[in-house]
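Presented below are the structures under discussion, each in the form of structure tokens.
What follows is subunit A paired twice: with subunit B in the first complex and subunit C in the second.
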Partner chain A sequence: MRALLRPAQYLALAAYILFLGFPLLWLISASVKSSGELNSLSVNLLPRQWHWDNYADALDRQGLVHSAGNSLVVALVSTALVILIALPASYVLARLKGRIRAAGVGWILTSQVFPVVLVILPLFLILRTLGLADSLAGLTLVHTTYTLPFALWMLQGYVTAIPVDLEEAGAMDGAGRWTVLRRIVFPLLAPGIVATAMFSFVSSWNEFFFALVLLQSPENYTLPITLNMFIGGEGKVALGPLAAGAVLAAIPSIVFFTILRRRLTSGLMAGAVKG
Partner chain B sequence: MKSRRVVVAALAAAASLLFTACSSGSGDSGGGGPVTLKFQSLSDQPAAIAATNKIVDDWNKAHPDIKVEVVPAGWDGVYDKLVTQFNAGSAPDIIHYEAAGVAPFAKDGYLADLTPYLSEQKKADIPKGVLDSVTVDGKVIAYPTELQSYVVFANKALLAKAGVTVPSGDTMTWDQLRDIAKATTRDGAYGLGWGLSSPTAAMVALAPGFGGKYFEGTGTDAKISIGQGEMALPQLVDAMAHQDNSILPVTLTQSGAKALAPFYAGQTAMTIQGSFQAANIAKDAPAGFDWVVLPTLAGPAGPAQAANPQTLSVSKDSKHVKEAAQFIDFFTSTENLAALNQADTLIPATTSARQALTTKLGAQNGWKQILSSGQYLTSAPYLFVDKYAQWKDTVATPAYQKFLAKQLDAAGLSKALTDGWNSINR
Partner chain C sequence: MTVAADTRAPAPAPAPRNRRTGTLARSRRREAIALVMPSLIPILVLSVAPLVMGLALAFTDARLVRHPDYGFAGVDNFTKLLGNTFFWDSLRIGLIWTVGVTVLQLAASMGLALLLNSGLRLQGLTRVLALIPWAMPPVVVAIMWQMIYSANGGPLNAVLGSVGLPGDINWLGDFSTALPAVIVVGVWVGMPQTTVTLLAGLQQIPQDLHEAASVDGAGAWRRFTAVTWPSLRPIIASITSLNFIWNFNSFSLVYVLTAGGPGGKTMVPVLFIYLEAFKNRNIGYAAAMGLVLVIIVVALLAVYLRSQFRDDRAGQGR
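What follows is the complex of A and B.
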């Protein structure tokens, strides 16, 4: 019975991975199907005929590559800003006791309550006053502000999980405050930082509504805005090129994840050794 | 999405009062020198984008002192974007949208009155019903450009197999459609496929053929009236679907585009679609698929359908309303509208452009009947009703869906539509 358990676990895992990956497989399949096949009753995963023109159409349309570049810049800079701000703030939040901490937590939770549509107009007017309404800098600022509370909440959970005893042991050994942070806390926190960075990057990369309203000039459009233009009025959708564009849009996220995944693993191991 | 719109609109109205001091008009300073106009275009198909850009290029070459810049935008989310732009005073000078979308903005005073710039010649060239659809409180607030109608596409082979002669003439009755659907429901195929997942748009657009208007009055004073004219079409669909069994059931829950797949596969002999689908059918139908557009459907009150044209309007905050109106007049010339509508497979909003396109393309598959259907497009009362969008999404669509699924009877549908409206419009 026990001998059967392990293969069954692997089988379940494989089925789960397939289940999770199926939308992506279907998207890739749709991106190489002809318009006729996409609009037929056939539900085959493999296309009858591979139709690579969708990629050429997607790349031809309305500056897809340029807008992907804009998205990348905004996502990377806002991720860096979020981590820079959230890292010290989350440490303070996790270690601090008393009313200030309660107020901080209250602020974080309250900031998550408001729907985007309620803040968009005041935000637009503030950014316009600052001369940042139709700019990538303004959008980066907005993404940073909007992602920060959740990132802070996420990261302070990781800090809380690090036993204070470790820091105290370091201090007992003669390490200063900065050394304790650098040699003990940050390595243990690495997986949390990586996870938070991933979250921030994906949030910014996929964000649509702020970009839709704040950006006016086509040269500033981000990828979701450009992809949105594949969907026309009267129910007209360029399905093939849209799927191809979506596949291309997923590549930077996958690359980013692949790079950070190693850090996530090494960070976990570092934590295990230190703990 | 729609409820979000309501929140945005409410918030925007309040915020506009707070932030009026921050606003400033779009466009350039308005001093001497060349004028630059921003034109937010929603053209989405590559051919239509090219046609739009060509018109703009032609204008810019002919008018070096009035430069037009195209700002491409997408249809999805454009309402929210315009709400913010209008309230922040940063709307583009020239706005591309649809009549149903711009009418509320006109009511709220965000659009310039274009009546003084509309020549008598141009006015005479726009069918009265279409002109009415862009007239708010007696003012023309947009120029109509492109239209769509609902038409019947038919599989000629399945009609022939059932011994049905393809109807000729300018119009055909709904009874004829029902008879053809019954006759072609055989050998596992259904007579009709109709994507009615969002049924309200089709019901209100086709109601004029049965004498249905749905609303009387405008703005918040509008009153709903659900009588025989409004109930005739849903009851006909119900009879075809559940008595004749001549409508492929699954299509009643699908979008129009989805209902094309069974049509291509020979599972349905006919399908009711927006006229623009002719281009997709020509492109996507299997090789050898022989199809035809049937004559325009006519009810007891005639072949009228409600028009919701795409439009070009001018922001009231624009510093160059006159120049923007001049550009729109140029954009809607016979030649330009014909080229744009050919690219988008839509029906030109002016009679002269429709005739030009008929002369050019009438012999090609479907174009003659599609363009002919354009002459029957008429004003849509729902365009000028403030709470229409909310009623459509929260009341009418679920009520029609329940009715088509036999969860509501005719009396229940009528009551749901009426009570829902009275509740929303209190």
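What follows is the complex of A and C.
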């Protein structure tokens, strides 16, 4: 019985690895197969011939590079905005007690269960009234707003980890609040800020629903929207370039999340686990 | 993502004692408001206001046109909704999708977390792999799985065919297989987070509890039901509620995978509402559907959490 346990466990682990990893391997493999091989009914994990042209083809499609640029701009600007406005607020949330904190934390948690369907219709109308409906600026503001709760939560956790004594020592030396923030708090927060920024970037880069509803002109499309267009609208789908485009679109997120792994799992799950 | 109230808050700093404590408190509050304001404005304009408007729209006959001219419709939308069998169908499909994904996610993640916690090799690889689905853009995930499921040279059919099973199933296009196929993708996407959370919980269970149970002669299954599961209860309750809500509200994956097809067999409610609002242009009606949806989700969640709570109290008596 005992002797059989380990092999059985490894078998189960192998099944998990196959389930989690195989789709990704298949996508990568499809991205380097020739169209002939993709359309034939033969099924090989490794391509008979490595066909890198798909990547050139994917980049050659005007829409893809242009929309990747849009995604990059939206993700970078909304990340910068998120950090800029979440930083002071998270400090308040972490350091103050009482009603402001309770309300803030309450709202952050509620926003996790926000029914986006109910919000999206009026959101569209509000942005149209502001003249921001079919624009990258509008999408950027929406991404900023909807990443904020989680960013606030992450950042206030990092602020909480900084001992208040350090700030008091600074204040004792005659430094004002702003100097204390700039000289003591922000430098200590740097790793937390980087982690929050990466998370915010990935959220925006991956985001599909808001972009689908808010953007109408193809020149404003973000990368996920353009990729989706390639599946549906173009009649005969060029699978190779589509797979190559999908691989390219996934790279930034996977790289950032792999770096973030420790922080996301240890720091953030602490709250849920202790509950 | 994190659920419970923050228990890590530091002990309050002793307030400086001087005669002007009053003005100090007041200036701190002004300072606090100034620091919070930049976050508050976008939140009020782009998430609180739309939420309130959404509730109000549900009672109007608003349509999506350039110059909306609409009026109060009372409960008309809701009475109309009662007779809309397509909506109730989508609700049924949505519940199958949500419960299916949530339960399978929990089961699969629990298995993986237990394996990772039992000191096998390949842990590093598995952990990285387990996080990838979480990081990938939903659109890319959908494209990838369309290739896996493809009836023309898809690997799933090839494997089934090679072991003598029918290898020509159009997984996403067939009435009977579309919803299960989509559910599997949902499980794939949601597993990492659940696994990581459960793993963190497992690592907090004191080892001697297991050892004591072993000494008492408890087998693996008995140890799981007597020690592991009860210790994880609070985490399971919170992660299940959150997964339930996320899965119920998830849109992108199903939209890109099947767009609700074939024949509406994967038309989850969120997708149904999206189409009603932006294809049929009935904003008021769609908002009413959204409101009904929210009420149903909150009610189901309340029932679930209450049952958890009641069990907890009963458990304390033992």
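Here is the rule we go by: the second predicted complex is superposed on the first by the 196 of 275 C-alpha atoms of A that agree within 3 Å, B and C clash if a C-alpha of one lies under 4 Å from a C-alpha of the other, contacts with A are read in each partner's own complex, and residues count from 1 in each chain.
Just so we're on the same page, a contact is a pair of C-beta atoms (placed from the backbone, for glycine too) under 8 Å apart; a residue touches a chain by one contact, two chains touch by 3 or more.
The shown structure was predicted, so the numbers you read here are calculated from the model rather than taken from an experiment.
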Exercise. May I ask you to decide whether A:V117 touches subunit B, subunit C, both, or neither, giving the answer as first, second, both or neither?
Key: both
Quiz item: For A:R61, is the partner it touches subunit B (first), subunit C (second), both, or none of the two (neither)?
Solution: first
Exercise. Pick one for A:L125: touches subunit B only (first), subunit C only (second), both, or neither.
Key: both
Quiz prompt | First (subunit B), second (subunit C), both or neither touched by A:S35 | solution = first
Quiz item: Where does A:Q9 make contact in the superposed view: on subunit B (first), on subunit C (second), on both, or on neither?
Solution: second
Practice problem: Kindly classify A:A250 by the partners it touches after superposition: subunit B alone (first), subunit C alone (second), both, or neither? | Solution: second
Practice problem: Considering only the touch criterion stated at the top, classify A:R261 as touching first (subunit B), second (subunit C), both, or neither. | Solution: second
Quiz item: After lining up the shared chain so the two structures overlap, which partner does A:V213 touch, if you call subunit B first and subunit C second: first, second, both or neither?
Solution: both
Quiz item: What's your read, subunit B or subunit C touching more residues of subunit A?
Solution: C
Quiz prompt | Partner chain(s) touched by A:N228 [first = subunit B, second = subunit C, both, neither] | solution = both
Exercise. For subunit A, give the residues common to its interface with subunit B and its interface with subunit C.
Key: 38-41, 115, 117-118, 120-122, 125, 208-209, 212-213, 228, 231-232
Quiz prompt | Complex contacts: residues of subunit C adjacent to subunit A | solution = 1-10, 12-13, 28, 31-32, 35-36, 38-40, 42-43, 45-47, 49-51, 53-55, 57, 68, 108, 111-112, 115, 118, 120, 122, 125-140, 143-148, 152-155, 158, 188, 191, 196-197, 200-201, 204, 234-235, 238-239, 242, 245, 249, 251-252, 255-256, 259, 269-270, 273-274, 277-278, 283, 286-287, 289-291, 293-294, 297
Practice problem: Within their complex, state which residues of subunit A touch subunit C. | Solution: 9-10, 12-13, 16-17, 19-24, 26-27, 30, 38-43, 45, 84-86, 88-89, 91-92, 94, 96-97, 100, 104-105, 107, 109, 111-123, 125-126, 141-142, 144-146, 148, 150, 152-153, 156-157, 160-161, 163-164, 168, 177, 202, 205-206, 208-209, 212-213, 223-224, 227-228, 231-232, 239, 242-243, 246-247, 249-250, 253-254, 256-258, 261, 264-266, 268-275
Quiz prompt | Residues of subunit B touching subunit A in the complex | solution = 4, 7-8, 11-12, 15, 19, 22, 42, 44-46, 49, 71-77, 80-81, 83-85, 87-88, 90, 92, 98, 148, 255-257, 260-262, 264-265, 267, 274, 276, 280, 283-286, 310
Self-check item: subunit A residues touching subunit B - in the complex, by the definition given at the top
Solution: 35-36, 38-41, 57, 60-62, 115, 117-118, 120-122, 124-125, 128-129, 133, 208-209, 212-213, 216-218, 225, 228-238
